[in-house]
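Below are two complexes that have subunit A in common, paired first with subunit B and then with subunit C.
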Partner chain A sequence: MVKVSVTGGKGGTGKSLVAVNLAVELSALGSRTVLADLDVECPNDHLLLGVELEKKREVRIFKPEFDYSKCTKCGACQRSCEESAIFLVEGYPFLLPNLCSGCRTCLISCEASAISDGGKVVGHTYETEARDDLTLVTGKLIEGEEKAYPVVVGAKDRALSLTSDVLVVDTSPGSGNHVAFSIEGSDVAVVVTEPTPMGVHDLEITLDLLEVLDVQPIVVLNRSNIGNFRPDEKLKERGLRIFSEIPYSKRVLDSYVSGTPIVEFDKNDKFSVEISKIAEVIFNWK
Partner chain B sequence: MGVKFLKIGVASSGLGGLDDVVSPQFGRCRVLTIVEVEGTNIRNYRSVQNPGAISGGGAGIQAAQLLAQEGCEVVIAGNFGPNAFQVLIANGISPYTSPPVKVREAVEMFLRGELPEAVPRRGGGGMGKGMGRGRGWSRYP
Partner chain C sequence: MEIVIASGKGGTGKTTLTSSLIYLLWDEKKLISVDADAEAPNLHLLLGINLTSVEEVFSSKIAEIDYRKCKRCNICVENCVFRAMAEGPVVKEHLCEGCGACKASCPFDAITLKEVPSGEILISEEGKYSPFISARTYPGRPNTGKIVFEEKRIARELLRKGMGDNILVDSAAGIGCQVIASLSGSDRAILVTEPTKASLEDLKRIHSVVEHFGIPSYLVINKSGMTSFDGIEKFSKENGLEKIGEIPYSTEVLKAISIGVPVVKSFPESEASREISRIAEIISDWLD
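Then we have the complex of A and B:
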């Protein structure tokens, strides 16, 4: 299985658009493709594909439940909690649920076996047959929950459990832990950026991350004709170059709004042509 | 009529003590001055380092927990985070808001009934990790 991540640091550069179109194109080429939408705080690849999410499954994390009849008021759970999510009243532990990371340290620290797993649902994963040879796996964090990581892990595991020739991972913006985890293990990363100071700045952070993760980048400059702050020099310093330039086009916007990927909407648009070019590289990846 | 004893924790900006200034933040204050009051007189005081000042997250929770262990019934600071507020109330400690005056003055103002009781902040916006990431009191109705 070839694993490709679509990432880029800055938000709104077109990561999802590229990921969705790349996945559709790869499946059209005959690769059994899984697209993993790991932007769990606002997953919307299904909207770009024009499908409804299916096969919902819960993502649970550990949550301590205290049995006060067994509690010896030793305070070990409170002292062991790295997140300060446990506080004591008259020696008895209470939980601040929004701070709990579900790490289980309190469970291990309790010698009286007064703590059990109450469980907490922090998000869901979905598995949707989006096209003939394309399955979309989506992670979705429950609104208001703060721990995105377990949902990212849950969705990536689910995507990896499916049989496929290609796994396309759509990451969230940024370069934090869950983006790093999303990319980890990829053979290649499609880095989508734009010719703006923010785009170039965040591109560099992403390239640093890819170096740490030892993943080869393919740099894509989106909306290449509506900005003049280009990353060419910065890329040259790293021995890289822009692989693909996608100019802004009204057709892309039309496809975006209609919920039909541009590679299906208009095969001759520059966007589609560039996607085919990237897909070919991935398709022939050894 | 018996004389009432009371322990008051005061969030302090510097090294603590009666001449130190009340800290605007409860959770991240450097030192907690524990003032012992008998009737309307200050009998004793000592300074305790705030474990929350140097912790990664949950600063206010740790500070509140310390005051509970010290047996304080009242706490004075400029402002309280939502988590700290919950731990204080659960432990029967009443939070009061004070301007940045000297610890001694703040205690005297409290004893004269001049300090307002703190109200839980709504919405996000604490100082430290834990309550500063946009999670609000509103989650704990």
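Then we have the complex of A and C:
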């Protein structure tokens, strides 16, 4: 099994566009491919593939429920909670649900067995047959919920359980531990950036994260013709170079709007050609 | 008055709009600006602010195993819902939330939580565009929302001290903890979109979040004319989301971004800049 992550730090550089097209191209080459949309705050890969999400499943986290008839008012649950989500009234614990991360530390700390799992649904995962040999797994956080991490875990687990040949992971923007979890275990990470000061700034943050995770980057400069602020020098300092340059084209936009990946929409567009190049590297990955 | 710029989808133009608003309104309206995208902070780049002095190092906790006490039972591994404990056991520091479930579950008291730096808050207190508050989470660290919360606390303190009259917050993409921390206690939200299906899908989600928190929100359509998609317009009409501006898709904006300068400064006569100035006038009327 080959695992590839598509990431980039900054939002809107074209992560999803690259991930979706790469997954479609790999499946067309004959690899049984799973695409995991782990941008659980704003998942959009299904729109780019022109499919409706199917096979909804709940993502539940632990939520403490206190049995006051068993509670000995020892306060261990409150002391153990690093999120300060538990407060005591006359010795009895009460929960501030918005602060609770579902970590179970209170449950483990309670010696009176006065805490049980009330459960809380924070998001959903979906499994959609998007093409022959391409399954899309999507994670979606419920609006108003803060904790994206458990939904990312749920969606990645579901994707891994279905993967045989290739897993393509589309991460959210950013560089926190939910992005680290998305990328972790990948053989290679496609880092999508753009030739702007912001693109380069966030590229460096992403490369720092990949170093920590010990994942090899492949740098893609998207919309390479929209600016002159290039990352070449910064990459050179790290012994890296741009692997692929994709110019902005009207055809890509047309394909985006029509909900048809560019590799299916126009095989000869530069975007499609560059995606084939990356797909070949992944396809032949040892 | 505290205003948040949000969008759901990344790359729709939050920072482009925010930087222009700061350029136009900073002096007259005494703005305190907050870059609340702590995992990918960019606002300082567009305003040419050199963020050097670290105001505050933010810390979080990480599990640490005392291998002299550890009996390799791996009970901690089973108990980590964040999958931050590998068989061994070994702490994966880039995933650890510092919740302490491993510590509580260890029968041999072999695990402690240690404080580690997880991010920093940077402030420019003097000179152009000050006070300006930015933050950066270190790669792989948790709870970015807490740093954003702290940034806003600092901004409000500066406001109380009379260092400014209004707060403008440039939020991260998404709808999670960073965005919720950005919105928390704010007076109004401006939702920046582009005419694509993906942006509409994400607008629905961020709109539902701001409604959930009871924050009045207003719509800006950016990159107008880039496509003929009219779903955003329809959504705004059907949901009573007032549109306060429609910025045309133009090469001037792209050029301004690529040189890292607000478009209203580099191309003040462009159609995009004129529209942003109109939006700034509307917002100016809301401000104290």
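Things to note:
One rule holds in what follows: the second predicted complex is superposed on the first by the 285 of 286 C-alpha atoms of A that agree within 3 Å, B and C clash if a C-alpha of one lies under 4 Å from a C-alpha of the other, contacts with A are read in each partner's own complex, and residues count from 1 in each chain.
Convention: a residue touches a chain if its C-beta (ideal position, glycine included) is under 8 Å from a C-beta of that chain, and two chains touch if they have at least 3 such contacts.
Values in this document were obtained by computation on a predicted structure and should not be read as measured data.
Judged by the touch definition given at the top, the superposed model places A:I242 against neither subunit B nor subunit C.
Within the superposed three-chain model, A:L29 lies out of touch with both subunit B and subunit C [touch as defined at top]. After overlaying the two complexes on the shared chain, residue contacts for A:L162 are found with neither subunit B nor subunit C. Residue contacts after overlaying the shared chain place A:V89 against subunit B, while subunit C stays out of touching range.
In the superposition on chain A, A:G227 makes contact with subunit C only, not with subunit B.
More residues of subunit A are touched by C (comparison of subunit B with subunit C). In the superposition on chain A, A:L99 makes contact with subunit B only, while subunit C stays out of contact range.
In the superposition on chain A, A:V281 makes contact with neither subunit B nor subunit C.
Legend: residue contacts after superposition of the two complexes on their common chain; A:E146 is shown touching both subunit B and subunit C. Looking at subunit A, you'll find residues 82-83, 144, 146 touch subunit B in one structure and subunit C in the other.
Considering their complex, residues 9-13, 16, 39-42, 44, 47-48, 61-62, 80, 82-83, 101-105, 108-109, 141, 143-150, 153, 172-177, 179-181, 184, 195-198, 201-202, 205, 208-209, 212-213, 226-229, 253, 256-257, 259 of subunit A touch subunit C.
Every residue of subunit B that touches subunit A in the complex is listed here, in rising order: 55-59, 61-62, 64-65, 68, 83, 86-87, 90-91, 130, 133, 135, 139. If you check the complex, the residues on subunit A that touch subunit B are 78, 82-85, 87-89, 94, 96, 98-99, 144, 146.
Residue ranges of subunit C in contact with subunit A, taken from their complex: 8-12, 15, 39-40, 42, 45-46, 61, 79, 81-84, 92, 94-101, 103-105, 113, 136-137, 139-145, 172-180, 196-198, 201-202, 205, 208-209, 212-213, 226-229, 254-255, 257-260.
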